[in-house]
Structure formats: structure tokens, C-alpha cells
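Here chain A shows up in two complexes: once beside chain B, once beside chain C.
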Partner chain A sequence: MKPLRRLIESRFWVLTVKEIGQILRNKQLIFLLVFPPTVQLLIFGLALNPDVQNLKLGVVDYSNTPMSRELVSALTANGVFQVDRAPPNEQILGEQVRRGEVTTGLVIPPTFNRDLKSDHSAEVQVLIDAVDANTAGIASGYAAQIINQFSQKLAPQSSAAIETQATILYNPGLVSSWFIVPGVLGLVLNLGSSLVSTATVVREKDTGTLEQLLMTPAAAWEIILAKVVPLFVLLLGEVMLAVTVATLVFHVPFRGNFFLFMGFSGLYICVGIGIGFLLATISRSQQQAILTSFFINLPLIQLSGAIAPIESMPRFFQILSLFNPLRHYVKIARSLLLKGSGLDVLYPEALALTAFAIALLAISTYKFRTQLS
Partner chain B sequence: MKRILAQCRKELAQFRRDRLTLALAFILPVMTLFIFGFAIRLEAKNISIVVQDLDRSNLSRRYSEGIYETNQFVPVRWSGSDPLDALDRGIGKAAVIIPSDFNREITAGKTSTIQVLIDGTDVNNARVIKNSIQAFTRSFVQNQGLTAGTSKIIARTRLWFNPGRQESLYIVPGVFGVILAIYPSLLAALAMSREKEQGTILQTYASSISAAELLLGKCLAYFVVGIGQALFVIALGCAVFRIWFVGDPTPFIIGTGIFLIASIMFGLLIGVRANNRSVAVQGVASAGFLLALLLSGFIYPLSNIPFPLSLVTYIVPARYFIEISRDAFVRGTGWAGVWTAHACLTALAFVLFSIARRIMGRMQLPG
Partner chain C sequence: MIQKTVASSAIPEARDPSLASLDDVIRVVGLHKHYDRVAAVRGVDFAVKRGEVFGLIGPDGAGKTTTFHILGGVMEATTGDVKVLGQPPRDARLMIGYLTQQFSLYLDLSIDENLRYVSGLRQVPDRQFSERREKYLRLMNLENFGDRLAGELSGGMKQKLALCCALISQPQVLLLDEPTTGVDPVSRREFWDVLAALASEEGVTIVVATPYLDEAERCNRIGLMYDGQIQQIGTPAELRNSLGLYRLEVHTLQLQAAEQVLTEASESGSIADVQTFGDRLDVLVNDPQIGEAEVRELFQQHHLQAATIDLAEPTLENVFVTRLRQQGSAPQSLAFPRSRGGNRDVTKNSSSDFAIYSHNLNRNFGSFQAVKNVNVEVRYGEIFGLLGANGAGKTTTIKMLCGLLPESSGDISLGGERGNLRSSELRRRIGYMSQKFTLYDDLTILQNLEFYSGIYGVPRRLRREKIDWVIATCGLEGRETLITGQLPGGWKQRVAFGASVMHEPDILFLDEPTSGVDPLARRQFWKLINDFARNGTAILVTTHYLEEAEQCNRMSFMVAGEIVTEGSPSQIKASQPGQLIEVITDQTQAASNLLKQQMESWRVSIFADRLHVVVDDPDRDIPNLRSRLDAANLTVHSLRPIPFSLEDAFIGVVQRSAHATPKEPQPS
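And then the complex of A and B:
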């Protein structure tokens, strides 16, 4: 009982209670912790969807035979392409692609059926609007594959020499939100922890109560720690909220160890608080702090792999991203949730995060202390 | 009219004096252009792949070398027995397992099945990997003469507008939209909320200037600044990423003007609603960013956004501007293809203006 009593009577405890009371009374802060993360997770998860589905297909079927119709239905069978209109000739189809009314076109020549019956091979034309380079690449791959399969079915005597059996691991249904949501989890945590910690410090600076705190006999470390602990607990709550949204709304699997995940999240919260304190110490007013946070959070988020994969960035940005703590957290969140990886795989990222957390907290407390004294 | 011009002149003078905002107005857009323009690429190059060749015949070696020659995959060394471990550890993104009877089966005229394991964490690239391995296998079968006849149906695929499938052609015109959606509106919101924070707004309430004149004056000032930002960012983007107009540039030039007005009006509206500058900045940052980045079709096609949320995209100005911009730099249809986007932008700008005016008018002293 004795150490507990000593804790309750300590200055640190009193300061912590004061901070908790201040945070709970600050409706804007609580709002900031609950509302934006939920909305961000929902919008990111629903809107960022790389599916290649229901592409509008314009078909010019000069042949108009059962065989050509079969080819069209083979193309539309798995939902990638969807017949939108059937223009009478190629010129009109071209015009429709140009205006963006259809994204893909198929032209079947009049000799299609005749060619297939004889020994010739028939040629069909596939037009793809490649303004969206990524979708166009996947769509042309699908089209080639479907037409090839169709063509093989026509000549059953010659079966393919090599077949590939592709198995997609970790996300067999290729549900797009499973990729985006764990990334956004990191993004939300980063924004939440840095913004909230900046706000609590800057408010104290703005209202001048920081000077009052300095007049008390409390040491600098007590003031800082009393600020960090309640924020830390609140932000852990935010992680729980975000994970709940991810698993309940998006059905993202949680294959790894929950406590390991919370441990990593705790580590990242320290990084975020470090960033926030640093921002607060270098800026003079709340407005300045928010504007500078733009400068820092924008590259942190874009170079984290949360939205666009790191592997597809140019080499220079890939190397640069290694110095981004968020990149490591996003990697951890994805591996833990989807792959169920453990510490044996994630230790490099864990080490990197620890290093970032220590460095950022050390620099920001040092700066804070020099400002205090 | 005179009052509008006076308001505009006052606003520009204030803008020039504020060094921090002036710097932000030009540095932030350039930073965004470079980060978004260079770092957002959807399709991975140099995908690490593990090939486990259990056959070790000439044919299987040709197959695995062929995969590396596609320029899309890079081999990774994997000494373990189970390639699945390589994927679990994230060393490889895909694994190809060639069975030990590969050569035997094929020479016997039977079908040999190659197992391909793909890391599905990155959904988009899992599809890309699957397609390219299958396409490679098809061409391998053809090139090695392993099939009896040539394929019965040949698909001649033509990629329009962007035959090299350069992703920068898709991303950079979109980045222009995102930048011009956020930064001009950020400046406008700051200007409006500063008046409220410092209380100078009360003077305008008491003066004879009307809400519409005040808004139009501020809009005109930031329109001038916005044109500067637009010229700067677009010229830089064109030079760095080597893109240029492919058709008539007038729809783009006029569209940029209307879009700037719409995004400034959005900023003024936020500024009118917010009571201090930090709330205004946060409002623009979160609302503007989320809308312009996620609900504008900037990264993935708009048609992929599910139903109730897809309705929201219709009121996002950036959506229409990105359509105009992509048309100008990639498609080149001109007025015939994009005039509806101009009409929607004009309507949105007008609606935003009227809402801001109504909110302001309510606060003003009558007479």
C-alpha cells in the first residue's frame, strides 16, 4: 500500500490528475480524437478502391454469329467487362472511347466465324482507354487471358502445355479495403497523436499558464511526464476504436497477436507525441503549429506506403521513406493484421520505431526543458 | 464595383506583408507537386520473386530466366525449403514453384502445372503479378513451340491516349487538381477567419459594404494569387514531368479559372463559418484534403466508389477539374468532351458563393 500512497501524494500524480481533468473538459479535443479517425477510416476504406470491375465495354460485332456472341459473353462472364452499348461501326466506337463514354471496345470482324471454321486464325481488336494507366494494364491482361482461354476451348485436342495455378495468400478475395485500412490506421494514429499533443502544449503557451506551472516546485520532467501519460492512454483508446472500425465495418482479419500490436501502437504513439511536442516547441502560436504540421505530416503520410505502395516509388523516395517512422508502423500493421507475423519477422521495424521514439522524445523534452527554464 | 476593388486591393496588400503566408502559398504547392507527382505510382516495378526450380532441366531454366527477362521481376535468393516462408517474411512478393516432373510431362505431351504463390497484401499489385505471370507463361508456350497450332483467336490490343501506359500522365494532371483545390482555399479561409479572429469583421459589418461585395472583393484578390499559383505549379509540373497539352488548351485555361473561383469560394465559406484561424485551417485541411484526394477520382476510378458515398463525389469541384485536366493533357477531346464539367463547376462555384453570402448576410446590420 505504501508505494501506492506515495504515488498518490506525489506531485506527478497531482499534475496528471490536472491534465486528465483538462483533457476531459476540452470537448474539442475529445471530438478530435473520436470523429476524424472514424470518418477518415470509413472514407479511405470505401473510396480508395483499386478494383477493376464493370468496365464499360462497347462491342462492334460485324460477324453477328453465335460464335461471336459467345466470345462477348465469355468476356463479360466474370464481371470485369460489362457490355454498355453496341455501336454500329468502329468510327462511332472510337468516338465513344474518345469521349470517355466507354472505357474498352471490342471489334469482331465479319470474317470471324468463317476464319474459325477454316484453318485461319481470327483477329479481334481490343481498344482500351489508357488514360488510367493502372486500370488499363490490368484490363488488357484480363482481356488477353479470357480470349486465350476461349480460343483454347475451341481446339480441345491441343491442351496447353503449361498451366499456372495462382494462389493469392493473405487476402484471397483481393478485398481492397484490407490493403488500405491497416495503412490508414497508421495515418490516423499519426495525425491524432501529433495534433492532440501539439494542441495541449500550445494552448498552455497561448494562455500563459505555462509560466504558472513553472512557478510551482514541480520539476520539468514531472510536468512533461504528467502531460504524456494521459495522452498516451487516450491515444491507446483511439487505436482500439480504429481497430474496432477496421474489423467490424471492413472485416479486416486480425491474424497476429493483439498485445504485440498494442505494444507497437504504444511505441508509435510515443513517436507521434514526440513529433507533436517538437512542433509545439518550435512554433509560437497555434496557427503556426498547425501550418507547420502540414509541412511535416504531408510527406510523412505520402511516403509511408499507406496509400500508394512503397515498392512502386522511385528508388530515391524508397530510400527516403526508410527515415519515415510511419512507414515502419504501416508495415507492422499490415503484416500483423493480414499475415499474422510475429516479432521474429518484424524486429527490424520494431528496432527502427524504438530508435525514432527515443530520439524524438529526447529532442522534444530537451527543447521543452530549455524553454521552461 | 469600386468597393469590390478596394476590398481586393486591401486584401492583396495584407497578403504581401505576411511573409509566412506568402512563403506557404508557393512552397507548399511545390512540395505537394513533387511528392505526389513522383511518389504516387500504383504499379510496382522490380517485384521481388522467388523461383523454386524442382526440375532443374533446360526447359525449366529457360522458363525461370524468361521470368526475369520480363523486366518486371527481380530474383531473390531463397535457400529455405518452403517458398511460403519467403512470402511470410516479406522477402519475396511472389513465388513460382516449378514441379520436378516439369520437363518430363511436357515432352510426354501432357500438361504440367506450375504453382504460383502471390502476396495479396497489396491488392492492386497482386492482380498485376498474376496477370503478368500468366501472360508470360502463354508467350513462353508459344515461343518454345510447345503448342500444336497457333492460337485460333488473336487479340490485337490498342491502348489509346497513353500507349506506353506512363503513370505520370495519369497522376500529374490530377495533382494539379489536388493542389489548386487545397492551397487557394486555404489562403482564402485564413483571410476570412483572420478578420473574425481580430474583430475587424465588425467594422465591415458596420460599414456600407454588402456581404456579396466583401466576398467578391476577397475572391478577386485570391483569384489573382491563385492564378499565380496555378501558372507556377503547372509550368513547373509540365517541365519536370514532361507533359504538354495534346489538344486545344482553351477548355483547360477557362476551366482553371472557374475551378479557382470554386475552390476560393469553398475556402471563404469555411472562413465564414470558423471563428478563428486554427479552426479554419483544420477545416480546409481535413475536409478539402479528404474530398480532393479521395473523392475526386485522383487515384482510383470514380466508378469504384460505392453508392451512398458516390453521391458526395458530385459536389466535389476537384472531380470536374481533374476530368478537364486529364482531357487537356492526355485525351485531347476538347470542348465537345468536357463542357459539362465546366457547367458543373460554374454551378458549384455559384452555390458556394450564395451559401457564404447568406451566412454573412445574417450577421450584418440591416440597412
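And then the complex of A and C:
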């Protein structure tokens, strides 16, 4: 009981009680911690889908034989392409692609059936609208793959090359939301923790109570820690909420240890709060803090691999991203949720996060003391 | 609509005829305003005529600000009829200028940009804008600062600029809610001279609230407001006469003892009230002869030095205080629950050791030198006043002395500590109340007090007692769970003061603790401050109420970052050059305008219903003065030499220094 009594008598406790009082009075803050993260998870998880489906296909089939129709139906079988129209000639088809009415055009020459029968290689022409380079790449890949399979089926013996048998691990259905959602979880946590902690410090500065606080015997670390603790608890709640949405709505598997995951999330909350405090101590007003936080948070998110894979970035940025704490957290979240990895695998990321948290909180504590001058 | 406004302000006679016949620019009948369950205004009736200056005075929380909100069309009345220029306030708002305690300026825009913005918003045509801009800036003495940022102006200049902004659309009605709170005496005088000119020369109707009762004397009529109702309306003279009391000015060197003796006697006999005003006591009596005899007798009985007693009319402040006491709303003076038995041992054995000390203290902000070679020495048990106009560098000095702001050069010692002013041990012995915002607006009063008592390490078993003391002293029993942000400004100051002394500090910094606080509560404040000093606390205080400053043991006057005069109040007053003449005429404002045409304007100032004039050679100048006033057909009731008050000394010192070196406002 004695340590408990000591705690309740301490300045730290008094400061914490004050912070909790202010948070409870601030309905907006609690709303902001619950509503936007849920919406963000849902929007990103549902809308951010790299798969390509229902591409409009224009077909000019000069051959018009069962074989050519079979090719067309092979292309449309898995829903990637959908026959939208069948223009009479390739000039019109080209025009339609140019106007963006169809994304892909397929021209089957009149000799198609004859060539195949006479063991010649047959040629088909594929036109792809590459304004959206990503979609175009995927469409062209699909088209090539499907046409390849089609020709192999026709002449299996002629091109008996290496056949790949890929086994897809951890995400056998290749559900893209399983990749996105843990990333967005990191994004949401980063925004939540840094914005909320900036707000609590800058508000004291804006209203002038900070000066009074600095005149009290409370040490800078006590003031900072008292601000961290209630936010920490709140943000852990936010993590649980986000995990619930991820598992219930998106059926993301939770293969790792729950407590380990919460521990890592706690670590990242400290990092986020540290970023927020640092921002608050270098800003003069609420407005300045918010603008600066955009400048910091957006690159953090872009370079974290939360939305776009790190492997697709130029080499320089891949290295740069190692200095991004969010990258490490996103990696942890994905491995832990999808693969069930433990500390034995994730310790480099854990060490990195610990280092970030200590450095950021130490710098902001130091800055906090000297910020009035 | 806009066209109409411009036309009507150009030819005031051409306004709505029904209004002209009524002659009342503002009419309020049966006004009520409720917030949830709380009734802020409970049946207010008054009318204000064109060109009249109408003052609303009353204690904090009387409902003045609510009344202003409704008059300005910012808020709807719960019930009652409010007409401004014959229209509901909301429809008349283009013809209303509104000014609050908070600076309603864009601090990152220059003076010109602020004015242009407001005039654009109010659609003032360009030609008229430049005309008015020039006129009003000259009136406020701001014409040379057009491109200075509003954020770099001193408090007094900001309020004058805010008034300019309110005037740029030439409103017919000005609503001013405590516009001079926190503004220094010199700027306050200039501000009121402008108001007087606007009302008399341009027929602007002005409704103003003020906690300074010497300002209220300059209103044409006054409504004394208390507890959501107007208790009394009349001219200042009518209000003073209605009291039926006479005022004896008792000058004595043993103020404190005399006050105690007379206060005890006031419970019986003919003495109705006793108040300390700087270096004198005001004793209100039912009958002047009997009263004077009684005072003299009491002085003899208690072996006090014989006093000089002058008979005078009661002041508005006397009216205010007496009426409120009759209402039973005077704040209680409760003894502070001490748990440490004061700091007496410190006083005894370390007389050579200063509680607060600085030597050649300097602070630069860029190329601007805010504080120049300031020396401060405050002993334990001493009240030290740091006085100066807005922007003189007082707050910067205080911030350096208590370690919030590093000094550019110089030595500081605080509570015997030289190097580290930021140690937790030291700060536990220090109390600090900054100009504003010391409480958390989003917490309840109780939560705030619990927080401050806890953080200063007041032992848990004593906390309850001290918190109860603060709440009782502030008269907030039963309202502890109110959100602090909802308290009126003056009340917040009281709670903030309580919060800063709960831990019985050895050293107390008070930066304008009484600004915006009503006269009764201010008196209570100073009782407490004196009580802490007697128990060995070193107190450094700033204030814009110079009569309060008389209670300091020693003081320094700062002008433009430098200390120009220091000493005890009587030393400072005695060192003033020239002679002070008090002039009472039937038209104070007119007399002031006349004399200012012929003398440097700082030599003439209006004190309530009289003029104070500083002359260099009394033998030559007094007859001169009289003949000038006579020549202008002004009836002189009285013209006599009087001793300098601290406020006269302040104005003289500040103005003489300011004329020697051009005054630089301090960026905040």
C-alpha cells in the first residue's frame, strides 16, 4: 500500500488527474479518437484495392470461328476483362481506345483459325490504354498470361517449358485488404497519437497556462509523463478498436500473440506521442502545429509501406525508410497478424522502435523546458 | 441598407422621425436573460439619449457583459424589449461599434491593415475611409505608427486602435465593455478624452462598463448594477447625494492603526464606513461635525498622532462600496489558514539577504532592448511595486526574475539561489500569478484548486481547509463545480490569486492581480497581500491602480525598459517638481480642453469630477489659471494647491521621460 500512497501524494499523480479531467471534459477529443480511425480503416480497406477487374474490352473478330470465340471467352472468364463492344474494324477500335471508351482492344485476324490449324503460330493484336500505367501493366500482364495459357492448351507438347507451381502462404486467397488493413492500422495510430498529443501541449501554450505550469515545482518530465499516461491508455483503446474492425469486417487473421501486439503498439504510441510533443514545443500556435504535422506525417506515411509496398520505391527511399518508425511498426503489425511472428523474428524492429521512443521523448522533454524563451 | 447607413450618419437629423421624437437611442424594457437555470439579468430597464455617455458599473458577475452582448445583437434576450436606434439590436448592428476587454484585433496585421479590413467589412467608401483613418489615428496619437503590427503595440495602444476600428464606420452607438481593463493610467486618460470628444462633438451615444470608478465619474449618467438588476440610475452627483453621507478625508501617518480603530468604531456611532485610499482614510459619516469630533476623540483615545481632516463630497467609489455593503455582497475577509506559521525566522536573521535581487538586468528581443540595467531589491516581508505604462518592460522583468525567461545579461538571485532558478525546491517556495490565464478554463473551480494545491505539495490533510478558504473568500460556496471558463473575469482573478498562495510561498510575484476586479474585491485582495507580507512573504506586484500602489513599501517606476524613479511612495511624491493644483469647475471636460490648449497636455488631467493641474511656479501660475477659466465663462468652485498623489507623480514621471526619449512599445 505504501508505494500506492506515495504515488497518490506525488505531483505526477496530481498532474495526471488534471489531464484526465481535461480529457473527460473534451468530448470532441474522444469522438476524434473513435470515429475517424474506424472510417479510415473502412475506406482504405474497402476502396484501396490494387486488383483490376471488369476492364472494358473491345473485340474485332475477323476470324469469327469457334476457336476465336474461345479465346475471347478465356479472356473474360475470370472477370478481369469484360466485352464491352465489338466494333466492325480496327480503325474504329483504335479510335475507341483513344477516346477511352474501352481500356483494351483485341484484334483477331481472319487467318487466326487457319494459322492455328496449319501449325503456324497465330498472331493477335492487343491495344492497351496506358494512361493509367498501373492498370495498363496489370491488364497487359493478364492478357499475356491468359493468351499464353490458351496457346499452351492448344499445343501442349510444342512448348513444354518450365511450369511454375507457386504455393501462396499466409494469404492464400490473396486478399489485398489483408495487406492494406494492418498498414492503415499503423497510419491511424500514427495520426491519432501525434495529433492528440500536439493538441494537449499547444492548448496550454495558447491559453497561457503553460507559463503557470512552468512556475510550479513540477519538473518537465513529470509534466510530460502525466500527459503521456492518459493518452497512452486512450490510444491503446483505439488500437483495440482498430483490431476489432480489422478482424470482424475484413476477417484479417490474428495469428500472433495479442499481448505482444499490444506491447508493440504501446511502443509505437510512445513514438507517436513523442513526435506530437516535439511538434508542439517547436510551434507557436495550434495552427502552426497542425500545418507542421502535415509536413511530417504525410512523408512518414508515404515512406512506411503502409499503403504502397516499400519494394516498389527507389533504392534511396528504401534506405531512408529505415529511419521511419512507422515502417517498423507496419512491418511488425503485418508479420504478427498474418504470420504470427514473435519477438525472435521481430526484435530488430522492436529495438528500432524503442530507440525512437526514447530519443523523441527525451528531446521533447528537454525542448519543453526551454520552449518559453 | 448600406446607402441608408452612410446617409443617416452624414445627416443625423434625417433619421427615422419616430425615433427622433422619442430621443432615446437605446431603450431597454424588462430585459431578462437566463443561461440554463442561472438568471444573469433579471429585469433591467434603462434608456440612453443621443450623445450621452452612460456608465454601467457593478461588481463582477452583476450581468454587465450579458447586457452588452444583448445590446450588441450578439445574443438574444430571454424576454424583454431592447431597441437600438428604434430597431432590434441585430438589425441595427451596422450602426453599432462594439469593443470588449479582449483585444479584437488581428495581431499579425498592421494598424493600417486592421483599419482597412474593418472598413472593408463595413463597406466604407474609400474616400471616407482615408479621411476617417487620418482623423481618428490623429485623435488617438497613433498617426505615426500606421505600418506597425498590432501585435507589437502596448496594451493601451491596442485598445485605442480597437476603438479606431470600431469608429471607422462612424457608428452612432458605441458599446464598450470594460475597454480600459489592464490599460495604464496615462493611456486610460487619453482614451476617455477621446470618448468625451466623440460624445460631445459627434453626438455618438456611448454605453460603457468600467471597474475604474474615477472613470465612471466622467459619464453623464450611471446605472449601478447588482445581481442582474439596476439598483439605481442617475448622474454621478445624484448618486453621491442620494447616499446622504459625508466624507472625511483623514490624513495620518499611522494609516493601518487608524483604520483598525475607526473600523471597530464604525459598528456603532456616526461613522458609517472606513476605507483606505493610498495615503489617506476615507471616513463616511452621517453628520460632518459630529463625525469629525468622533474621529478626533478616537485618535486621542488610542494615542494616535493628530490627523488632518478635510470635509469632502462622497465619491462614486464610496457610493459603490456602501451600496454593495448594504446589499450584503461585500466579500468576506477570512483569515488565511496558515500551517507553517509564516516566514518570520527568515525575516529576522537574513536581513542582508534579499528575497528578490537583480543587478544590471538586461533583455534584448532582436535589436529591441526591452529591459535596460534594471536593479531590484526586495526583502522578505516587503511589498515592492513595479509600476509603469503598458509596454514599459514590467512583465519581461518579472519573467526574468522568476526564471521563465533567460536574461541577456545581469545578475539575478531569487530566494538566495543564484544559478539555477528553475529547481523544483526553489519553485515550491514561490507563488506566481501572471497577468491572465492562470487557471484551466475547461476544468471546474474545485479541480483547478485541487490541482494547484497538489502540485505545490500542500499536504493532503491541509488541502481541504485551504481550498475551502479560497472558495469562501471568493464567495463561491456551492458553486465549486462550475466550469472556470464560465466565471466573469474579475472572479477568475480572485480564484487565481487563491490558487497562487495556497502553498504559503516565501516569495510572491503578482502581475496585475487586480486588473478587472471590482473595488470591493480589490480591497480584499490588498488586505490579503498585506497579511502575507506581515507573515514574512516577499511580494513583487504590478498594478495600474496607483492608489493601491500606495500600499507598497517601496516601488520603482519603469519607462521604456528603464527604472526612472524609485523609493517609498512618500519619497516619490515628495520628489515631484512643481506644484499640483486641484481645480473644481462646473464643466470639467470643457475646462480640461481649454487648459490643454495652453499647456502641455500631460499637465492637465481629469480626476473624477475635478482637474489636477501641474504648474512650475505656483505664485505666478495660480492667478493665471483662474483668469483663464474665468475668461471662458467657466465657474470655478475651488482652486487650491494640493499634495501630489502617486497617480499624479506617475503621470508626471512617465510623461517627462517619454518626452525626453520617444516611447517604444514592447513586442510581446
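Throughout what follows, the second predicted complex is superposed on the first by the 359 of 373 C-alpha atoms of A that agree within 3 Å, B and C clash if a C-alpha of one lies under 4 Å from a C-alpha of the other, contacts with A are read in each partner's own complex, and residues count from 1 in each chain.
The criterion applied here is as follows: contacts are C-beta pairs under 8 Å (C-beta built on N, C-alpha and C of every residue); 3 or more make two chains touch, one makes a residue touch a chain.
Model, not experiment: these values are computed from the prediction.
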Partner chain(s) touched by A:25 [first = chain B, second = chain C, both, neither]: second
Most chain A residues touched (candidates chain B, chain C): B
Which superposed partner A:131 touches (first chain B, second chain C, both, neither): first
Chain B versus chain C as contact partner of A:214, first or second or both or neither: second
Partner chain in contact with A:47 - chain B first, chain C second, else both or neither: first
First, second, both or neither for A:85, with chain B first and chain C second: neither
Touched partner set for A:176, first chain B, second chain C, both or neither: first
Chain C residues touching chain A - in the complex, by the definition given at the top: 402, 404-406, 422, 424-425, 427-428, 430, 432, 434, 436-443, 447, 450-452, 454-457, 460, 483
Chain A contact footprint on chain B (complex, rising order): 20, 24, 28, 31-32, 35-36, 38-47, 63, 84, 87-90, 93, 106, 111-128, 130-135, 137-138, 140-141, 146-163, 165-167, 169-170, 277-278, 281-282, 285-286, 290, 294-295, 299-301, 303-306, 309, 326, 330-331, 333, 336-337
Interfacial residue positions of chain A with respect to chain B in the complex: 36, 39-40, 43-44, 46-54, 71, 97-100, 116, 121-138, 140-145, 147-148, 150-152, 154-155, 157-172, 174-176, 178-179, 286-288, 290-291, 294-295, 298-299, 302-303, 307-309, 311-314, 316-317, 331, 334-335, 338-339, 341, 345
Residues of chain A defined as touching chain C within the complex: 9, 11, 13-15, 17-18, 21-22, 25-26, 207-209, 211-212, 214-219, 369, 372-373
